[in-house]
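Order as written gives the chain letters A, B, C, D, E, F, G and H; numbering starts at 1 within each chain.
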C-alpha cells in the first residue's frame, strides 16, 4: 500500500501480458490502483480484467477504485498553456483519486500575467499548488511569489528547439528564486498529484 | 513577508555595501531574516549592524530573530554521507528558524542500508522528510519507499568525475521511482528546509 | 575465439545481405555465435542459413551452439522493474550460453526494498551479480552494500523526461558509493552477461 | 567604425602589451572606444595612454569619448536581483555612451512581481528594454507580456547548482513564450546595451 | 492585443477541439491572428471557422486579418541555405502581417560570401535584418560586421550529427563577436519576425 | 567489514575534526582501513591518531593495516600515459592492500601500440586487468581485444578541451566494442582496484 | 567551382521542386556535381533531369560527371565495423569522383587489432587515410600511431546508449593522443573524402 | 620517430621528476623533440638538462633541435582575435619546427571580413591553412569558401558564457558548410601545426 492511494502502474513499455497479469492481481486483492499513460487500446485490454476501471482520456489515466479514499484537503492545479493540459489533468486526476478537492486553473501563462492575478484569491485557498508549464517554465516562480502554500512545479515537454524536451523548463524551475518551490520530473503529473495529496493531508 | 519566516538573503555575490544596506533595512523594520552561505568574515560584518545575529557555522547561516516563529510540526533531516552535512544543516537550520521541531539522521548512506532500518520508527514520526545526498543520490528513493510522508530530496555537489557537480544526484532524484519524492536545486538546503516547514504547518 | 563463447553479432544496422554472409561464415566454421537484438524477421532470415539457431524472444537473442560451453559458476541477474526485463534476459541469456548457472530476480526495485532482503541469501550465492535498472538506477548501489561479490550494473533506457534515455541511471551507477560496482553501457545486457561470465570462471 | 559608437575592446585574455598597443592606436586616431571587463589594474594601465579614460567601476567599463555621441532614444534597464547589477550596469553604460537616455530599474525579481507593476508606466516609455536576470531567468518573459517594446534579455551567471553558469537562465529566455524577446550571451551586458542603442535610434 | 499584431497561436500539440475553439473566439472578436506551424489538414479545419484565413504553405502560417496592420519600416530576411527557407518565410510572413515591407535574400551562405557582398547595398536599407542559418550558423556574425542595423539571428535545426538539432548554430550566434546580434530560439521564425517588426516601427 | 578489506574513507571535503573522529574509531576497533586522496597535510594529521598509517604519496593513499589481508590472485594495472599514473597507483595500492599480487605496466598508450604487444604475455597472466587512460580512452578497448580476462576501465581526467574533464574517455570506454570491458567513475582508481580484487579472489 | 570537384548538394530537407531546380542548373552549366544522402526515389527524380547521373546505392551518392577529374594521389579508407560502411563508401565515392585512387579496408575494428597489422603495408602507401568508426571511435588513434600520413577521422552514429548518436566517437577522435589526426562531423563521409582529396593532390 | 619531427611532450600534469627523466632520454638519444604548454619555470628546469632548448614564450613551446628538419611547403596560420594568438603561435611553431615555411595572419575576425579579403592572395599560396578562432568560430568556414587548400580549424577556449570553454567554436567548425574544413581539439595548436606539416609535405 503506497501512502493510502494504492499502486500506480506506469503502462508504457509493459507488454499486454504483463499488464493483464498486473490487472488480475489487482482484481484479486481488490486494491485501489492507478494506471498512467493509458492509451485507448490499453484501456480496453485492462477493462476485460477490471470491468469497473474508469478512463480519463484527457489525463490518460485508468482509475480502479475498490474503496473510497480518505478525505484530504484542497489542491490547486495551474497550467500555463493549453498544451500543458494532459500533464495538469494527470496531476489533478491523481489528487482527486487520493481524496483531495481539486480546482483547475488553465491557460494562465506568464505572457498574460493579469489572468493570474484575478484568480489569486481562489488559488490561495489551496493547501498545495501544482503548476505545470513548458517552454521557459517561469510560471511556478511567479506563483510562488504570490502565495504562501508550497508550489509543486511540473516541467512539461511542451516547446521546441532549445526547450530540449522540457530541460529548459526543468532547469528554470529548479532555479526558482521564489521560496517554496519543489520540482518533479518532466511531464510527471502523477508525481506532482501524489506529492500534492501528501501535503494536503491533515 | 515570505511565508511567515522573513526574508532569506543569499550572500555570495553581494558586495559588503549591499549587505550592510540590507542588514540596516532589516534592523530598521525589525523583521526576521536569514542570511545563507555566510562566511565568518561576512558574519562579522553583518553583526556590526545586527548585534543579535546568531551564527551557525556548520550551516553557514546567519539567523536574525526579532519575533519567535509560529509553532510547526516535525521535520526529519537525513544525510547520506558526512560531506553532505553542511547542506543538511542548512535545511535543518531554516526549518528550526521557521518553528519546526527537527530531528537529524546523518551518515545513513545506501551503502549501509541497515542503519536506515534501525532509524525508521523515528523517521516515520516526521511530517516532512528532507534527504540530502551526493554522488549517486539514491537515498531519497530508498527512504520514500519506506515512509508515508513527503520526501524533499536535496542533491549535493559532493562527489567527483561523473557526478558533474551534483548533476548525477539531481537526475537520480528526479527519476525516483518511489512516489512522494520532490526535488530542489543542487546544494539548496535553504529551499528544502523552507519547503519542509510549509508542509509541516498544521 | 572471443573468451570461449564465440562471436557476438550486433544485428541492428546490418543489412540482410551482411547478416546472411556472417551466418554462412559461422555455419562453415561451425563456431559458436550469439546474434543480439534480433527481431522475429531477422531470426527467420538467419534460420535459413543456421537451421539450429535458437531464438530467445524475451532476450532478443539468437543462439548458435555447435559445441557445449565450458562449465562456469553462478550468476545472479536482478532487474528493478518489469520494463527492465529484456535487458536482464539479454544478460542472463549470454551468461547461460557461456556456461554459467543463472538465477533471475526480477521486479526488485528500491521502492520496495523489503523484497530484496528476502532474496539476499540466494543472491549471495552468486559469483557475479548483474543488476539492471532504469530511471534513477539506485538498485546496484543498494545491492552492492549487502553482498560481497562484484556487482555489474546495467543502466537501462527505461524512463522518461529527465532520465534522458538512460543517462540518469548511468551517472547514478558510475557514482555508486558502495564499493564493488562496475558499469556497462546503457541497455548493454550482452556486455553485462559476458563480464559476469568472465568473473564467474573458476 | 562600429555603428557610430566606436570600437569595443574585451580586455580579459589580452596581455598588457596588447592593451597598450590598442590604447595607443585609439589615442592616435582619436576614435571613441569602450573597454569592457576592465579591472582596476588594467584601468590604471590604460589611463597612462588615454588620460581622459572614464572608469565605471560598477560596470567594469572604461569609456573613451573624443566626440559626443549622436542623440538616441530611451532605454530601460531592468535587473532581477542585486547580483545582476554589474551586468545591468554594463548594458546601461554602453547605451549611455551610445547616446541613449537610460532609466535603471533594479531588484525587480519575479518573486515580488508587484514591484514590477508599480514601475510599468515608466518602463513603458522606453524604446528598448534590457532585462538582466540569473537563476531561472523568468523576468524577461513576464516583462514582455506587459510592454509593447522589444525586450533584450541578458541571462547572467548568477546562481549555483543547476543554474550551470547561466545556462538555465539562457534556455529560459530563449523559450520565452511572450513575443518580442530576443537574447544575448550569458553576462553580455555590452551586447545588450549595444542592441538597445540600435533599436532606440530614431 | 499583443503589440498591435494580434494573437499568435502555435498549433502543434493542440487538439482539433482546442483549435476550433480558439478559431471561434477569434471569429467572434474579429481580432487579427496568426496560426503558426499549420499543416494542410489543420488549415482546412481552421478554414471551416475562419473562411478568410490565408494560408502560406512555405511559411506554414495561417493569417487571419480583420483589420489592416499599421504601416512599419523595412525588414530584410536573409537565409543561408535553401533548407532554411521555411523558417525564413515564417519570419517574413509575420513581419509582413505586422505591416513591414520585407525583402528576401535567400541562399546567401558563408561558403560563397561574395553573393552577400553584391546584395549589401539592398540589405543596408533595412531597419532590421533577420538572418536564418543552420549548421555552423556563421552568417549572422558576418552580416553584422557589414551593416549598421540590428541583426536578429534565428538558428535553424538544419544539419546533422554535431549540429545537435540546431544547438551548434544557436551557440555560434550567441557568441557572435560582431556587435548588434541578438538571438531567438531554434527555428523560431515567428519570434524573429515579430522582433523585427518591433524594431522597424517608427 | 566491506568485502574483507576494511573501510575506505574518501578524505576530500571532510573537515579535520571529522577525519580525526574517523581515525579514532578505526584505532579503537583495530579495523583495516584505506584513506583515499590524502594530502601530505592530512596524512600528518591522521598519523597523530594512527601512528602506523602507511603513506603512498604517488597513490595519495593512507593505508592502515591491523591484520594482514587474505591472499588473492594476480592483477595487472596498465596506464596509457605518464599523467595517468596517480590513478593507476591508486588502483594498484588498493588491490595490493586487499591481498592481490599486482604488476604495473605504465606508458603503454595506443599511440605506440607495439609496446603493448611486447607486454602481452605478462599481462595475460592476470586474473583481472585494470586499464587507466585519459584523453580518448582507447586503450581498454584495444587491450580487451587481446586478452581473455575481464578489463576494468578507469577513465582519467587527463586531457584538455573536448576531453571535458574525462567525459570523452568515459564515453569511449562505455562504448568499447571489444567484449569484457566494464567501467568505473572518472579517476576512480579505488573502485577499479577494489573491483579487480573481487574478481581476482579464488 | 569548389576545389575542382564541382558542387556538392546535400539532398535531405530539400523539396522535390528545389532539387529539380538545382539539377536543371547543373544540366545547363554542364558542371560536375555530387548529390549526397540520395534515396532511391530522389535518384529517380534527379535522373529525369540528369540522365547520366550515376547512383552509388551503398554510398547514397548521385555522381554527375561532365568532365573527367584531374588525377590525384592514393587514399585509403578504413572502416571499423560493417555498420560504418555507408559512411566509408561516401568518403570513398567522393575521393574517387575527385580523381583519387582509393583502397578500401573494411571491418578492421580495434577489437581485432591483428587484422589492422596485416594491412599496414598497403595502408602506408596512401597519401591520406580516412578512418570511419562508431561506438568508442578508437580506431583513428591506433591507426595514426602506425602510419606517417595524415588521418582524417569520421565518427559515425553507429552505436546505442552512451554513444549518444556518435558523440562518444567524436569526442574520442578529437582527443586522439596520436599526432596527425583531424576530425570531421559525425557521419560526414563527404567531408572526409573531400579533405582526403585535397591532401592527396600533388 | 613520429612523422619526422620527433617526440611531442605535453608538459602539464607531469611532475618535475618525470620531465627531467624525459629530457635526459632526449639528450641521450639526441632526438628532436617539442615540449608543449611549457611555463617559464618548467623551461628553466628542462634547460638544465637540454642547454640548447629554444623557448618560444608566445607559443609556450620548448623546441629541441639536434638535426635540421626536412624542407616542407607553405603553411598559413590565421587567427581571428588577438586572444587566439597563443594557440596560433603553437601551431606556427610546430609547423616551422617541422620544416614548413609559415606566414602569420592575425586579427582577421569575421566582424571585419574586409581585412581577410585583402590578405587572400597571400593566403592562397599556402599548401595548408590553419585557422584559430574562439567565440562563434565562424572564420574557418568563411576562409574555406575562399581558398582551395585544406583548412585545419582550431577552436580556442577564448570567450565566456555560452562559449562553454570552446565548445561553441568546436561545434561551429564541425558543422562548417564550406567543404575542406577539418577540425582538431579545442586549443590544440600542436595538433593543427602537425597536421598542416603533414599536408604541406611534398
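In this text, a contact is a pair of C-beta atoms (placed from the backbone, for glycine too) under 8 Å apart; a residue touches a chain by one contact, two chains touch by 3 or more.
A quick note: this is a predicted structure, and the numbers were derived from the prediction, not measured.
Under the contact definition, subunit A and subunit F share the contacting chains B, C.
Summarising the inter-chain layout, the chain whose CA centre lies farthest from the centre of subunit B is G.
Taking only C-alpha atoms, you rotate subunit B by 180 degrees to land it on subunit G; that is to the nearest 5.
When each chain is reduced to the average of its Cα atoms, H sits farthest from subunit A. Mean C-alpha position of subunit C lies 26 Å from that of subunit F. If you average the Cα atoms of subunit D and of subunit H, the two centres end up 35 Å apart. Note: centroid distance subunit B to subunit H, computed from Cα atoms, is 50 Å. With centres defined as mean CA coordinates, subunit D is found 41 Å away from subunit A. Multi-chain contact residues of subunit A (touching two or more other chains): 161-163, 167, 170, 174-175, 179, 185-186. By the contact rule set out at the top, the touching chain pairs are A-B, A-C, A-D, A-E, B-C, B-D, B-F, C-F, C-G, D-E, D-H, E-G, E-H, F-G, F-H, G-H.
Residues of subunit E touching subunit G in their complex: 82-83, 158, 160-163. Every residue of subunit F that touches subunit B in the complex is listed here, in rising order: 10, 12-14, 18, 155, 157, 165-167, 170, 185-188.
By the touch criterion given at the top, residues 2-4, 8, 148-150, 152, 170, 174-175, 179-186, 190-191, 194-195, 198-199, 202 of subunit A touch subunit B in their complex. On the subunit E side of its complex with subunit H, the touching residues are 80-81, 109-113, 135-138, 141-142, 144-146, 159, 161-164, 167-169, 171-179.
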